[in-house]
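Inspection log for the structure reproduced underneath, given as structure tokens.
Naming follows writing order (A, B and C), and every chain is counted from residue 1.
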Amino acid sequence: MIKVRDMCLWYGSSQALHHINMEIPDKAITALIGPSGCGKSTFLKSLNRMNDLIPGVKITGEILYNDTDIFSSAIDVNNLRKEIGMVFQKPNPFPMSIYDNIAYGPRTHGIKSRAKLDDIVERSLRGAAIWDEVRDRLKKNALGLSGGQQQRLCIARALAVEPDVLLMDEPTSALDPISTSKIEELAISLKEKYTIIIVTHNMQQAVRISDKTAFFLMGEMIEFGDTEKIFSMPEDKRTEDYITGRFG
Amino acid sequence: MEKQTISGKRKFYIGTLRFLMYLSAAITCGLVLFIVIYVLIKGIPNISWELLSTQPSYIDKSIGILPDILNTLYIIIAALLIVIPVGAGAAVYLTEYAKNKKIVAIIEYTAETLSGIPSIIFGLVGMLFFCEFMNMKTSLIAGALTLVIMNLPTIMRTTQESLKTVPQSYREGAFGLGAGKWRTIRTVVLPGCIDGIITGCILSIGRILGESAALLFTAGSAHVLNGFFQALGDPGSTLTVALYFYAKERGEFGVAFAIAAILMILTLLINLLAAFVGAVFKKRRKI
Amino acid sequence: MKKKKQLFETIIHGVFLILGLITVGSVLLITIYLIISGIPAIREIGIIDFLFGTQWKSTDAEPSFGILPFILTSVYGTAGAVVIGVPVGFLTAVYLAKIAPPKIKTLVTGAVGLLAGIPSVVYGLVGMLVLVPGVRVLFNLPDGANLFSAIIVLAIMILPSIINVSVTALESVPKEYEDASLALGATPVETYFKVSVPAAKSGIAAAVVLGVGRAIGEAMAVIMVSGNVANMPSLFQSVRFLTTAVASEMSYSAGLQQQALFSIALVLFLFIMLINATLNFFLKRSKED
């Protein structure tokens, strides 16, 4: 369970997130929606501390993961990122073989045995519903795959380190409709085992796959609740304006 | 909760690589510092007004490097005077005129080839072609012409790069006003490549200043005081060649270090100038 | 009037074409001159005796012109410079491209630029007076002017090429690759070496090949520290490279001896052409990546 308490974030002197409070449920899909620049991606990247890499970022408040603040000294950022995996907007497989892409994470974390790696690679690729398409060309360069296949490979790569949480940053924005629906199906099947938080521009997508939805606007979280409720009878006027397409 | 951290093995791997990177960077910087400081300390005390302002004399058993300084200056001027129009012209041809992709590919390939050829080979062919075939004998002009060929790729490349930043719309604007091709180039394109030519000149001056192997057999090693035009037709040694002879053939290490210190200071200045000019041009382009 | 203008434009076009072709002409000139002047001696000496002969006695009454010592010295010397220079240059490049804070990066890049700008003869001079005596004392030798000293000087001289080209290659690795690796729980250093470096491998290979070209073509610095005797190469012996063989005898040579020097230059030229082709291969592949 991830609990966010009174979290604020600054890029240098400009504040990008204002007092976010959220409890993200386990084994469910939570969608983050809102217009461009509303802070939803920034928020997502705070959850596995990818914002640490940007110079000048300052964060206050708490993000509790299994009841420990992820910014506290008790947390090792590398282990945190192992447990909270991430899938990016643009498919970004490494320029190496499909096998090596999947094995990269486990190898980094110290698994050397060939048999174990073989097993992890197959399990992860099956988990991301791409095994059948690539089983015969595991040694081929991953960049030879189509965009949609690359994105599923990236999901498989994230699964290979056995995370509990999967962060997805607009994972289908660079894909065609058929690939998009494959990724959506995959996301739904993955929520049995993983907590998924997905940033999306596509409100239909949020409706189709998510259990909970959070609406962000200008660095604030305006409303958070069951997806059905947010899209049928939002409490806040601004949420209603956004989902009915009045801005953004 | 006990803090979970990455394994000791990984920490060791990371620490080792980090250490090796710092060490390598330190070695690189240390080498530069050592060479610069060593040369300056050994050289500067040997630089005297007499050394700079006289020519060597066997009668007084004195050594002066004025001829070498002048020869270096002459050869830089002569080489630049020729290489700038040729190199910039070639760049203009490539970006403005050439339609045939094959010709462009060939010219660019030969330019790359040229920049990979070692100076000793330039020296040898320069000697065969300019000194012997063209009958220039061993002379500064033969050396300068050899350096022209060596520095062609540099001027071409920097000019080409700056030509690429001239917006296509400028050219179209000039054409639209009824200007002919040449007029367009003269009024719109050429002013835009001044940046590249200046950068190329600085780089070339640095390269000519440091060149020795290509000049050994083409410009020779005389230390005679001459005027510009007289000097071009006569053999003459540049500072680097003089350094080589004083150190290797005569064991005059004091003079050699004095020259080395002068070369080092000039190299420093040229590098600073190049960095400064680069920053200015970059800023100007942004506006 | 219009015709006159057209003629004028055609002439200008022609002038620029000629300027463009001067480069091509220069390369042709160099190639043809080296072949024409390099072939006679090889024919007279015999290609096998020339390339594989181990004795170079150009000024003896019964001269012999075997250049195997020079070829091997150049190959060993270059290999040695690469073995020492590449790790240092490569690690410095990773540091500069990925880790160094901006200010330090500017400073170190400036230092590397200076290293590239120092004239060969200055390297030779410092080598003669610091390195050669140092090597003599350190290894307890009668003379420190040997292959080892030459290797050290060459290793330093190829650093700038290796560093600059590698930095460019490493900086052009897409940030997405690095983000993906970090998000999997790899540390930055692991990311640089396991993702960024493999992704930039063609560019880094090009850097190494460029270094090889610089090392094999260097003459003046090497002639000042290598002792310049035509021995078969051995680490602590006085040796002569292909370049220094040409440089050291050209000024007083004549006849077959001079022609043989041209042949040596031809051999060196062939090496360089091979290296250039390899370099282009890697540069092209690095652009495609």
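Quick note on the criterion: a residue touches a chain if its C-beta (ideal position, glycine included) is under 8 Å from a C-beta of that chain, and two chains touch if they have at least 3 such contacts.
Keep in mind it's a predicted model, so treat the numbers as computed, not measured.
Among the chain pairings, B-C comes first (most C-beta pairs in contact).
The most distant chain from chain A is B, comparing centres defined as mean Cα coordinates. The innermost chain, defined by the distance from its C-alpha mean to the mean of all protein C-alpha atoms, is C.
Here the spacing of chain A and chain B, counted between their Cα centres, is 52 Å. Annotation: 49 Å between the Cα-based centres of chain A and chain C. We define each chain's centre as the mean of its Cα atoms; on that basis chain B and chain C are separated by 17 Å. Of all residues in chain B, those that touch two or more other chains are 6, 10.
Of all residues in chain A, those that touch two or more other chains are 78-79, 108-109. Multi-chain contact residues, meaning those touching two or more other chains, occur in chain C at positions 187, 190. In the complex of the two chains, the chain B residues touching chain C come out as 6, 10, 13-14, 17-18, 20-25, 27-29, 31-33, 35-36, 38-39, 42, 85-86, 89-90, 92-94, 96-98, 103, 106-107, 109-114, 116-122, 124-125, 127-129, 149, 152-153, 156, 180-182, 206, 209-213, 216-217, 240-241, 243-244, 247-248, 253, 256-257, 260, 263-264, 267-268, 270-271, 274-275.
Of all residues in chain A, those touching chain C in their complex are 48, 50, 53, 78-82, 85-86, 88, 90, 92-96, 104-105, 108-109, 154, 157-158, 161. Remark: chain B residues 1, 3-7, 9-10 touch chain A in the complex. Against chain B, the residues of chain A that register as touching in their complex are 68, 73-76, 78-79, 108-110.
Touching chain B in their complex are the following residues of chain C: 5, 8-9, 12-13, 15-17, 19-24, 26-27, 29-30, 33-34, 37, 87-92, 94-96, 99-100, 107-108, 110-115, 117-126, 128-130, 156, 159, 163, 187, 189-190, 193, 213, 216-220, 223-224, 243, 246-247, 250-251, 261-262, 265, 268-269, 272-273, 275-276, 279-280.
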